[in-house]
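As structure tokens, here come the structures.
There are two complexes below, and they share subunit A, which is joined by subunit B in the first and by subunit C in the second.
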Partner chain A sequence: MTKRSSLPRGVAVVGAGMCKFGAFPEKSSRDLFVEAFQELVKSVDKGFDPLSIETVYVGNYSGELFEGQGHLAPLMVDAIGLTPRPAVRVEDACASGGVAFRQGVMAVASGMYDSVLVGGVEKMTNLPTAQVTDALGTAADTLFENPAGFTFPGFYAAIATAYMHKYGMTPQHLMKVTLKNHENGALNPKAQFNVSIPGWMKGRVDAAIKKGKPVPTWQTVWDFLQDDAANPMIAWPLRLFDCSPVTDGAAAVLLVPAERAHEYTDAPLYVIGTGQASDVALHSRADLTTLNAARAASLTAYEMAGVTANDIRIAEVHDCFTIAEVVASEDLGFFAPGDGFRMADEGVTSRLGPKPINTSGGLKSKGHPVGASGVAQIIEVWKQMRGEAGERQVPGGVPLALTHNVGATGTTCVVNIFERR
Partner chain B sequence: MAEQTAARPFTAAAFNLYLKENKLMGSRCTGCGAVYLPPRAICPACQSNILEWVEMSGKAVLAGFTVIASGPTFMIKAGYGRDNPYISGIVELAEGPRMSARILGLDPRAPESIRIGAPLTVEFLEQGEAEARHTYLAFRS
Partner chain C sequence: MTKRSSLPRGVAVVGAGMCKFGAFPEKSSRDLFVEAFQELVKSVDKGFDPLSIETVYVGNYSGELFEGQGHLAPLMVDAIGLTPRPAVRVEDACASGGVAFRQGVMAVASGMYDSVLVGGVEKMTNLPTAQVTDALGTAADTLFENPAGFTFPGFYAAIATAYMHKYGMTPQHLMKVTLKNHENGALNPKAQFNVSIPGWMKGRVDAAIKKGKPVPTWQTVWDFLQDDAANPMIAWPLRLFDCSPVTDGAAAVLLVPAERAHEYTDAPLYVIGTGQASDVALHSRADLTTLNAARAASLTAYEMAGVTANDIRIAEVHDCFTIAEVVASEDLGFFAPGDGFRMADEGVTSRLGPKPINTSGGLKSKGHPVGASGVAQIIEVWKQMRGEAGERQVPGGVPLALTHNVGATGTTCVVNIFERR
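Now for the complex of A and B:
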């Protein structure tokens, strides 16, 4: 494989926006996209003319299956009034957004364009759960994996059982990831579940009292998380609160050449590394406890950036399921294989810990509109690196940050590294 | 029969036809000897496109698994769900390749008792009604 050790031209993020994530029956994908774009326009510190945008990439997994709408890119470009600019939809399952971003980076780095809009959008909540399961299932190998009855929670559950067997993790360790991500999401007003687990429990108790129904008797978060009624098993050992939700959402960022970044803002994010890799189906891998594509993509990105895992201050990783965050923290080189769950357990990855992961709340709490998630990760990095993350701001500045976005079971992974100078 | 077997392309349709005939068939690279399940038409190890069908012994061990309470539509239609969960797994065959399959003969209501490394034997599972009837790959403890 031929890899460049650096981008042929520097690239910077100079604007970023996202809509509130959640379930919005009255909104279509284009409505979500318009909201994200409008926030992006406002985010450009020195202002800019949206008509200066030259081309648009849109990450979208499956408008066809989720809302009966294909060919989304020109519709999004039309909705924000930017036809006849080229409109490219990028689809790599749940990594669509992160891969679209990487395509945008390459478009600027190549010298072809000086102003590139990258968006991601998914409108998922129109369908009942079983149909969402089927739609997401098409991201796996429908010929050889799905006939076994696997669902996406099921695939990641199989990773979890292999990991538990190999390293002695328990399902309770995974719950620490959920507790952390909801604690962070409670501080993120854009999060679908803008509430901590204790806050969620209190909401349930208050609702029961109000409706005159039996009041839950949970004493601790563990009582709640191990309650089969409140937190039902989805695919053993993963329960509902181990799984990211079904979400409507969109996010967008503006990319320009690094040398022109200061025309837009005095606080740009420089894209210093990007890597992407593919892999065989989950069942064809020798080791189920690591994603080869995540390891390969991060090595490429680190090499391009000239940094190591230790240099990264914060990371937004693809926690579609709690086990995925544990595995990601090892694949990215933050922790040794088998140490990820212990580090989560000990609070190392908490917002105030030495290696904060998913300060946004992650896909778990912020929500996972699949085609938008990879771009939304960059929104969090944008806010944290510029000191604009409000209550959830990590202390001490963020000179280097990383995003890790996975498609399916790691058949795609894309990693991007950002720097504030 | 052997000639007919040799003539089948390395497709999912051919693999499924073998399942219907109660045979678990993979492909073997005639160049480097690597064995693949699911079958492949191109060998990733040496890029050769000269492969041959090879029948698997059907002996395997469990490499990873889950018990699914909330399944896809075709499993819901077959009667599975929260009240009737099922086991999906990844098995490692004696010949080396790994494959996704239904897991039978273990208790989906006691997942803690299911052991990675448990020995399994291939089974050809008929499921679904009328046109939806299909032979699924399964392994039994």
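Now for the complex of A and C:
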């Protein structure tokens, strides 16, 4: 494949917003999208006329299956008052948001547009969980994989098992990822579960006392995370707290040409690298402990950006399951193969460590409205790079950050790299 | 909205292929996609290495609902041996193919890619027709329109009724569109119904004789088209033969930078204009007799191309229903509002008329695999502009052609303009 070292026209993020993530039975996808857009409008430091937006991309995995609504893009554009702007829905399973962002980057880089809105949205919680699992399952290879009984917890359990076998990781190592991401999410008011594991435990104890029920006897987080009642096994070795939740949510960012960024803000994020790759379905792969698409996408993005994995200060990675974060930290070149779980164990990836991963709380704690997640990763990068992440702010400044968004079992991966100058 | 007069980097179509359209119970979407791709590979005059393709766009409306398969793009890329190329599914209901094409144009224009495959695919016929109608219905506004009982034949019947009331058209005028498109489709071996209406009638008569059943007594096509048994009412004034069919099919084109087109062929098509627009859902519009999105998209495309409606030699327009072709012929500026049905009646839009529309047979006769239709329109333009349309070749050369692809009731419209130099 021909590779180029830079975009023909620079692209910058100058606005970003997201709604609170969670379960909102009374809200439709358009309500969520409007909330994210309204926050975006306020986020533009020097103000701007929303009607100057020229085209809109919407990342969405399956409005059809989750909400019975296809053709979502023009409806979202109508909801935010931007009809007749072109409206394009982009779908690559759980990478839909990140891929939509990348299309927005191309739209600006192509010279066709000077103001592009990229949103992601998913409305998932109105269906029973089993139906959500089935809907998500259509992102796999339904001719060859689903008939064998696989759903996504099973796929990632297979990845975890292969990884444990190859590198000696234990299920307890994965719990360190859970603990870290909930610790971060506890500091993120937009997170679906903005509570640490100790906080969660305390909440359960308090509730039991209040209701006069038997009080749980967990002494440590390890007691809690290994309690089959509190943290049931979903697909061995993955327990409930290894899995990201079912979430309603939306996020949106505003893209403009780099040379015009300062009309909007003195603190833009420059998109200096973007890469995307596909892979064969999981059952066809020789090695389950790495995602080829993540490696390929990150190499493309690093090459375009002219940076290396070492240069990245923080990363938001696709932790749909805890094992996915471990594998991602290796695929992105942060750590050598087999070192990812040790680095998580040693706190290297914690918020105050040398390589913070998922300071937002990740999909695990922030929530995973699938089509929105790739865009929501960029919201966190926006806040951290601009020093607006509040209690969870990474110290010392964030000049370079990366987002890593995966579709299905890595059949799609998209990586974007951002710079604050 | 800022408008620009041309793409920063020219884009050309240098290959095109489609599978036979029809009902193929034994084929999956990937089978159809592979067939279209194989024909595309053969179509490149000077040959090329398929592995030189750098990225892939897939227009698909609802693999989830039609086939239980989401995340279609990387599966298609795997099926044609192009993993790990980036694979993006684009969805804008029945405009998915045309919008995917437009994204491919941007990918080349952005300078990020020098070889882009755009495919469209839909596998619809394995579901009962009522379920297909419901699945298509999710392209409307499901909060406000579907609960009122509308499905797509009803929407377009409302458009037809409003048009009849305003301009004095009769249902018989619409039958002229049916007759023309089946006449054209009879000359298109890839068409699902490659048979004229007289041919259809003869087939029915012959079959009845063969089976010893009562022989139909239609004397003219008008007898046939107004026979409630042969051509039943679907949603007044639209009968069966006013509606495009349910179809399995795929189509694909290859895009490269204009300056490299001659490495592939001496007869490329240059993409000189592209426009897209959205609209509010049908129930919110003041006037049902025109699609604002089609008007806006075509104005953008004409402006970019620097041409007018009069300059267009042929057009493939989105005749999901006969009335849609009449309205399109006005929205595109070919005829004044209220003149479209008269022009169809007078043969102006017939293959040998001054403004041929849907020489392929249109969605009506060629078939309408929704996510593929926008790309398949470009296949017809490719053939006509290169003088390869065989029996249905428009005489005198086709220097400029246009495609018009609509999503839902015109909530999305995309228009592309092509030139042969």
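As a working rule, the second predicted complex is superposed on the first by the 421 of 421 C-alpha atoms of A that agree within 3 Å, B and C clash if a C-alpha of one lies under 4 Å from a C-alpha of the other, contacts with A are read in each partner's own complex, and residues count from 1 in each chain.
Throughout what follows, contacts are C-beta pairs under 8 Å (C-beta built on N, C-alpha and C of every residue); 3 or more make two chains touch, one makes a residue touch a chain.
Predicted model, so just to flag it, every value in this text is computed and none were measured.
Of the two partner chains placed by the overlay, only subunit B lies in contact with A:H165; subunit C stays clear of it. Once the two complexes are overlaid on the shared chain, A:A148 sits against subunit B while remaining clear of subunit C. Put subunit B and subunit C next to each other and count what each touches on subunit A; the higher total goes to C. Subunit A residues 143, 280-281, 284 lie at the interface with subunit B in one structure and with subunit C in the other.
Across the complex, subunit A is touched by residues 1-2, 4, 7-9, 28, 54-55, 61-65, 67-71, 73-75, 77-78, 83-93, 99, 103, 106-107, 109-115, 135, 138-143, 276-281, 284, 292-293, 296-297, 407-408, 411-412, 414 of subunit C. Subunit B meets subunit A in the complex at residues 12, 15, 38, 44, 63-73, 75-76, 80, 82, 85-86, 88-90, 97-102, 111, 114, 116-117, 134, 136-137. Those residues of subunit A whose C-beta lies close enough to touch subunit B in the complex are 129-131, 133-134, 137, 143-151, 153-155, 157-162, 165, 232-238, 280-286, 288.
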